[in-house]
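Labels for the chains are A, B and C, by order of writing; each one numbers its residues from 1.
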């Protein structure tokens, strides 16, 4: 009944599993990144950084995240607010908004491919409205900007739900009485949102932003589906190094770079959006 | 006199009504934003191959099963579908099998090392897990797990395990420990109390997190592409054929990815936001 | 025979000591109430007897067997929890039958016992319902029926009435008393409500900060509190305490009144009297009326005595006004004295 060993027994399978399939490979990646042919070296990082594609890759990845995440945050807040306020149809709306959670990033890329493709729906719409005479090549080799926009749109469409769901849960924790009190004291709906909802939502915002930012640096399949090799991003380049260029060590270096950026931003947001325990709900 | 006193009340009621209309309009708009792209993909999937590549597109499906039958009969697709099912099922079993006991231990016991374990689980979220497929690819080659369903399932389980632990943790924590204690006073051992009282109550939640684990595996792209060659899953197949496959194949494949996910998410919608929301706090 | 003996039981949680070396004997079929404020250790003690917690020290004996190393299911106990712990996924019938099925009793016996206890608790019409369809009071009855159906030697109850509204609590209290008396089991009942304790108990064990301060019959605890805490905790309105200074010949002076009191080396001790044990008029304590509350059956008068608060219950016909100077004469056999440092009775 009170066997002291019981909790450890229950935890052991999960712990062992994570050690073997997470900690160990993690150590391996770190190891591979800083060695070459058995010798300790930073050459892999130099090779990676020296590639002609590297600046573009980093810029694309960071720029994409910088543009997509704020837009998603706004949309997620909007969706969460709508869901929290709706009475009839709330669960239907929640289900619809949450659908993208179950959609693979590859499928999302393909979905937006159907729209942006040369013979796709966007062109159909534009030409039927008379805006263009001939179908526009949105995803062509020359149109880096439109590819970027298409990828951004696809990412916004796909991944907003991740943040929304966290924010809905966070909003649900805010007791209605706080809003009622604010209303009695003369706050308008906007003021209530800014002065009550946002501050009390800080822990959830922190979680949502950190999670989304980390995932943003992992963007891979959406870009592959829409841009192919025309829009290099870090994850895609890592894949390339490993398989096309057959260089495991540089691939590992690239992986560590992604990790470093993720950790860096995580720590940043942990600090900036910190809420002391006493100030929480 | 009476007119003057009626107007202010009517004014407030009007403002409320306008607010309601705005709310509903926003909700509908957002729903369309989410659903329209999926609808367009389905239109493509349910059109003949010629219609898919034709321009301009029609916005209605012709319910021609040409694309889909081409898809199913395309070399390797049926097997890829089957592989995806197997890997996802294995992932589901492993994630719950390892994760649920851990979730129970975390919710019911206080013991040294609890904080460390939770930190380990949290750490897995900060790391771009698909990258682990890189070193694991080598490890698998050495142990003969390369290109096997179980090998990929193990990687996917690493992805799904943290969720399984956190979700079952909140699930079990939501069931009052008094119910177990009451069962102990009524003649049950710890295991009997779990089986007869906790399990029936937790089963829906456990089932939902199992479906969630399945979906994560079904949708995963990077690791699947890295670790499977002959025994490709659907996502790996679609990714690797992105360069050469005709449009109608891409879209049919996309639909094959999306529709099961839609069904899965519908099945667990009750637990959806509780799971994601709680799992991320 | 289900006599319970608690010997030297102590319980520590990390640095915090919840129970300090508690000793208590409960006779067979006795109704013992553990009474105290939140955090005094009463629930911890109950859970140790139940087997839901292990004592850091000490022994627990039930029916002549030492049980502190045994799990709950082997101790011959049944328990009613504060939040009822009625299993939501089972019908009321199956809830009450749960323990009986665990004992592998034949179906006939199970049905007999379930029906009998359901009738006893007036819930026979609810047997097919689920807990979610029941009110709090009904769930409470299911919890009690479930415990009674086990026909245990010992029933343990952890504040079973505290989550009910006031009127329901009153009804249930009377019902419980009848049902438990008829069942002939030894009962340990935990509560913070002193009215419940006074009404139900054969004996009350008053607990404070992890110790049993006094264990005696309700009347005894009321009339002869062994410590200041007991006097102040039991009784509503609570006992009054006034400092008394030593006068000559073994007497003590309290608020202008000189009385004979206990022998003590201390220059000051505490004089205590209950509000209902003073009469207005005659030789008494000097008091100035501050607040008058006519409560119907009597009048509660709050006065200033020696600079401190003093409550007196006077006849509703008494004509007093705020600001009046009164003399409150204490009934001599109801006066109690306490040591100001140890807080024990003198």
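The rule we apply is simple: a residue touches a chain if its C-beta (ideal position, glycine included) is under 8 Å from a C-beta of that chain, and two chains touch if they have at least 3 such contacts.
Everything numeric in this text was worked out from a predicted model, so none of it was measured.
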Centre-most chain [mean C-alpha coordinates]: B
Leading chain pair when contacts are tallied as C-beta pairs: A-B
Whole-Å gap separating chain A and chain B, where each centre is the average of the chain's CA atoms: 15
Mean-CA-position distance for chain C and chain A (Å): 58
Whole-Å separation of chain centres (CA-atom averages), chain B against chain C: 54
Of all residues in chain C, the ones touching two or more other chains: 51, 71-72
Multi-partner residues of chain A (each touching 2 or more other chains): 1
Junction residues of chain B, two or more chains touched: 184, 189
Sites on chain B touched by chain C in the complex: 176, 178-179, 181-189, 192, 197, 200-201
Chain B-touching residues of chain C, taken from the complex the two chains share: 50-52, 71-73, 77-79, 81-83, 85, 87-89, 98-99, 102-103, 146, 150
Chain A residues within the chain B interface of the complex: 1, 4, 6-8, 10-11, 13-15, 17-18, 21-26, 28-29, 32, 78-79, 82, 85-86, 89, 91, 93-107, 110-115, 117-121, 123-124, 127-128, 135, 157, 162, 165-166, 168-170, 172, 189, 203-204, 207-208, 211, 214, 217-218, 220-221, 224-225, 228, 235, 238-239, 242-243, 248, 251-252, 255, 258-259, 262-263, 266
Chain B to chain A touching residues, read off their complex: 19, 23-24, 26-27, 30-31, 33-35, 37-38, 40-41, 44, 52-57, 59, 94, 97-99, 101-102, 104-106, 108-109, 111, 113-114, 117, 120-121, 124-132, 134-139, 154-155, 157-158, 161, 165, 184, 189-190, 215, 218-222, 225-226, 235, 238-239, 242-243, 247, 250-251, 253-254, 257-258, 261-262, 264-266, 269, 272-274, 276-278, 280-281
